[in-house]
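One chain, subunit A, links the two complexes that follow: it is found with subunit B in the first and with subunit C in the second.
Coming up: the complex of A and B.
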């Protein structure tokens, strides 16, 4: 049998492997790395979305972002986004866990209740946001009507800087809490009954069982929910766009909305690019840190 | 082998990245753009709009529609006028055999702007004709988004001189007719005429008389506001910028890189507004649903008057169970106002056949007959001199006597301020104004921050 003198069998195998992953690489290259590369390039230009041409301006946009009027808005967006993320994480993790404990019984009544709690997840964000616009309307909204019924004054939910972000969180929380509940429920079902039986024999109370067995055994699920919710909450846009458009006076201007505003309202693709890169780096660092920290505090059944 | 694979992978990724970084200096979005031979033939002669209705100086055959074509018209005309849109488009489609127009409601002016700019940058998905809010004309003109309509006007002998000079200026950029006036409005005060008659008050003509007027028409009991005197639509600076202009404030100075919004006159206005807001004489409408809340407050008689666009006249009249009055805004040293509403334009990256069809439809929409249809069925102003200064104008006023205040002051309606950074300036301005009016903040430091930001934007635009 004639041997291939140029390439060893392992090399041929590796080339075959490479050809197999090539479509995925091309896809990644076009839709992930090319845009990132383009973003970096645009950040050094003065590209206005309306123009077909641009000029390279060196570090001008970066100086604007870190040592100009952009700094103030960057810090504002950072603050708003972090506050929003903390809010959504709290609702999804604590709310989800609480609902999972409340609706955890596996009978038909509770199954219907779980379905009701989870159902908002199926409602399109845009539709839900429009409904919340009505609910939160200062003069005709049902929320203020209920407040008035119990003798409390009306609140300008979307027009006041202290309540605008809370209003956005009401909407996202309403949609997210059911999701958190379902993830926790499925994880709870997976916890072996043996642990609880052993604890019961040792005289452990329900509270002790929860803190010593349920919570530690749910830590991988909590990590999963934390990371996915954190990343999605950092990228929140739609609810902010419909409910507040970043207002009042930038009080709900989260990162993605800031990028969108620079690019699509001001046409400043150059400024949008530097903010987007800063956001990208921030997300990368925080996500990597989360994984690093979590390695030491997550308990796996095995 | 691992090394070889790594080299290949790096090379593959590197190619992708290199291609990403190449081609500097162009967005690559101009593939669709065709060099408009016709425009070149017309030679961008820089002819003023006043000369455009002269005998055609270009080859009219270059602008003819010779093949059947379907085109899109993007608009922002809301549901209440959907029937008028349908009637107008159907009438055009049935008036000839070659062009079929599809009217597409895109959303608000802001949403049309976003969709249009994105399509322009991509070089695809552009409408043949689109509406554009009047302040965008300068930015679109500077960015080359709009087709210069001058050769089309010359080739077809379109009677552009029948528009007022202010309207022509508002739809041109640096001498080029980049758009035509379509649905034109201005700022007015709508007021409850029944209450005005009862109290024996009229909307003042002078800013200095506003305080006593607001005191009379507002109802504030022990700090609780039962009826506001008026409402300022803080969501759009167009509604309050006219007060600054009439006080002699240069929103953009002659140097084009700085603002006068921290001048004594401008600061005095801020304090005046704030004082009236604090007293409950007015409120500063802000937020995503501020417009609908403001309208509802007026309908519910929770406010005596509102500052709004004249285009909503029919809407207010239909919904109020009292007589609606309409008045010119109180003036300062002058009592000028600014054009609102929208113009029509043809995106420059369309192919010539689409542009030719678009021009036919655009010139039809801007015709006197269609304009009068809009004027009668909405609150938009008749734009043609041949209507305003003739029997037709008299007849129009008989049908809508409230428009007398606009007809009396037509010469005072000016084009918008044109600057490539205007949109950014407006956003900064209205954000700071809303914060000052609604929150308890240190006003001088906020004004200082605002002016610093605006100057930075103007310098960098």
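Coming up: the complex of A and C.
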């Protein structure tokens, strides 16, 4: 390349710089952007993995999804996913903030306790899930044993459609709450002591200064947690897969699980594709709207 | 503020109040910590109990006897050693490729200069919006057609570039002054030299923390391995553990001691790493928060 007299050194340098990013571009093209196009194509076919051939069927799958037998499943997935997201957001944001206030003391004992509370984030979901399966077990689980001890009846945590989603949230919340706490704590440490001193000189109580100083100063952190948790919670799959397999009666069938079921259990690639596209659009809408909120309602410390 | 007496009283009252607050905080913190650690304690303590003890109507908090053979039984029941090997190779593959491609791409986007740089970067960021949970159907079909079902390549390939990793490194590289790069160029260092001798050492800590996040994500990944590696031969720990439960054919609750032993073994490497690199583990996440 160096002997090339037709190209200026600056052009060669630009080409070399481009080559640095080229693998990433090619890869993302093949494994991210191309599949989205392919997905749209599949959504217009009747592709079933069990058959050898497939044909274009026009809007058939889309009609199935929005105005046919698929609609109620779509609405169910939407409802379950939104409920789940609200749950995880509440646990991560409110729970995380509460934990940050409880564990905010800076000494050795508290730093050990913080590490313990944060650790579940690193426990593989599979391991955590099998433990929760057992803790929540109707007959032999320790949670029901404890409930019985204080005179309450046993609950069929995972088999009851009213408590199944709550059980999934217990597991994911257990892993998420320490993370919320750590993010809040590291932001709290960054708030200047001067504000609190000034407030206490003016006679503000601890509660007042929490609502007037801490909370507004934490709003960028809250927003960050809100956006990232919201988007990641919509993609929940593993906890549902191991704990409830979407049941009972689809009470925990979140979006990703629906897509997974159509594709990998029923082999209906056509139906899985339309649901996947609907899910993708939902993700885009959520992301776009959360970013819109972020531009209007966050207080930044100058 | 009338007399010294009342101000002294007020001070004492304030001190008393502070003591109560401290007491309440300690009590709350200890209770919460015990609740949070309970599932892990339960996992570990159950993993060494005997089957009889597991089935007691009144659960025992502390195991009566230690049964370490539960652990070896897991190896007899499913190919846990193989799962370990598969997980290690997969995680190493993902880590290696994400680091190499990530470092080069981050260099190109931060210190390089070429036409369409911004458009290319937006192309990378846009990929952040398209998760595998949406695109897995075509990717699965592609990989199957290329004969990559139940292979390491199939496990690694869809995860081998991370837009998140590129983004994080690019932000870090941007912070480094161009004069270092220019000086290195004058000294005759090429791009690879600049990346390995200047940028990487200067961004050691970010590189390390981001890599830790990548490692745990890889080790704990479940969705894609479950889809592409159904076969025993290339099954990873996370999927294998869920499978272990099924080998008891509906009798899982009778054999929870062995399942818990498997669960402990599956998390051991990451939990050990967590305690060693505790400080870095947090900054890995909070750095993303600060961006």
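Just so we're on the same page, the second predicted complex is superposed on the first by the 274 of 302 C-alpha atoms of A that agree within 3 Å, B and C clash if a C-alpha of one lies under 4 Å from a C-alpha of the other, contacts with A are read in each partner's own complex, and residues count from 1 in each chain.
Methods note: a residue touches a chain if its C-beta (ideal position, glycine included) is under 8 Å from a C-beta of that chain, and two chains touch if they have at least 3 such contacts.
From a predicted model like this one, the values you see are computed outputs, not experimental measurements.
Undergrad: Once chain A of both complexes is superposed, is A:267 in touch with subunit B (first), subunit C (second), both, or neither?
TA: First partner only, subunit B.
Undergrad: So in the superposed three-chain picture, is A:48 touching just subunit B, just subunit C, both, or none of them (first/second/both/neither)?
TA: A:48 contacts subunit B only, not subunit C.
Undergrad: Now for A:33: first (subunit B), second (subunit C), both, or neither, which partner does it touch?
TA: So A:33 meets both subunit B and subunit C here.
Undergrad: Of the partners subunit B and subunit C, which touch A:18 in the superposed model: first, second, both, neither?
TA: After superposing on A, A:18 lies in contact with both subunit B and subunit C.
Undergrad: When the two structures are overlaid on chain A, which partner does A:116 contact: first (subunit B), second (subunit C), both, or neither?
TA: Only subunit C; A:116 stays clear of subunit B.
Undergrad: Touching A:237, do we find subunit B (first), subunit C (second), both, or neither?
TA: Only subunit C is touched by A:237; subunit B is not.
Undergrad: According to the stated criteria, A:140 is in contact with first (subunit B), second (subunit C), both, or neither; which is it?
TA: Both: A:140 reaches subunit B and subunit C.
Undergrad: If you tally the residues of subunit A touched by each partner, is the higher count for subunit B or for subunit C?
TA: Here the partner covering more residues of subunit A is C.
Undergrad: Name the contact category of A:68: first (subunit B only), second (subunit C only), both, or neither.
TA: first
Undergrad: Could you tell me if A:195 is touching subunit B, subunit C, both of them or neither one (first, second, both, neither)?
TA: Once the two structures are laid over each other on A, A:195 reaches no partner at all.
Undergrad: Shared contact residues on subunit A, subunit B side and subunit C side combined as an intersection?
TA: Touching subunit B and subunit C on subunit A: residues 14, 18, 25, 33-36, 38, 133, 137, 139-140, 242, 264.
Undergrad: Going by the contact rule set out above, which residues of subunit A touch subunit C in the complex?
TA: Checking each residue of subunit A against subunit C gives 13-21, 23-25, 27-28, 31-36, 38-39, 42, 99, 102-103, 105, 110, 113, 115-120, 122-135, 137, 139-140, 142, 145, 174, 177-179, 182-183, 186-187, 221, 224-225, 228, 235, 237-238, 241-242, 256, 259-260, 263-264, 269, 272-273, 276-277, 279-280, 283-284, 287.
Undergrad: Give the list of subunit B residues in touch with subunit A in this complex.
TA: 1, 4-5, 8-9, 12-13, 15-17, 19-21, 24-27, 29-30, 110, 113-114, 117-118, 120-121, 139-140, 142-145, 286-290, 293, 296-297, 420, 423-424, 427, 431-432, 434-435, 438-439, 452-453, 456, 460
Undergrad: In their shared complex, at which residues does subunit C touch subunit A?
TA: Counting only subunit C, the residues touching subunit A are 25, 28-30, 32-33, 36-37, 39-40, 42-43, 46, 54-55, 58-59, 101-102, 104-105, 107-109, 111-115, 120, 123-124, 126-127, 129-131, 133-142, 157-158, 160-161, 163, 166, 191, 216, 219-220, 222-223, 226-227, 237-239, 241-242, 245, 252-253, 256, 259-260, 262-264, 266-267, 270-271, 273-275, 278, 281-282, 285-286, 288-289.
Undergrad: Help me check something: in the complex, which residues belonging to subunit A touch subunit B?
TA: Contact set of subunit A toward subunit B: 8, 10-11, 14, 18, 22, 25-26, 29-30, 33-38, 40-41, 45, 47-56, 64, 68-69, 133, 137-140, 156, 158-161, 242-245, 247-250, 261, 264-268.
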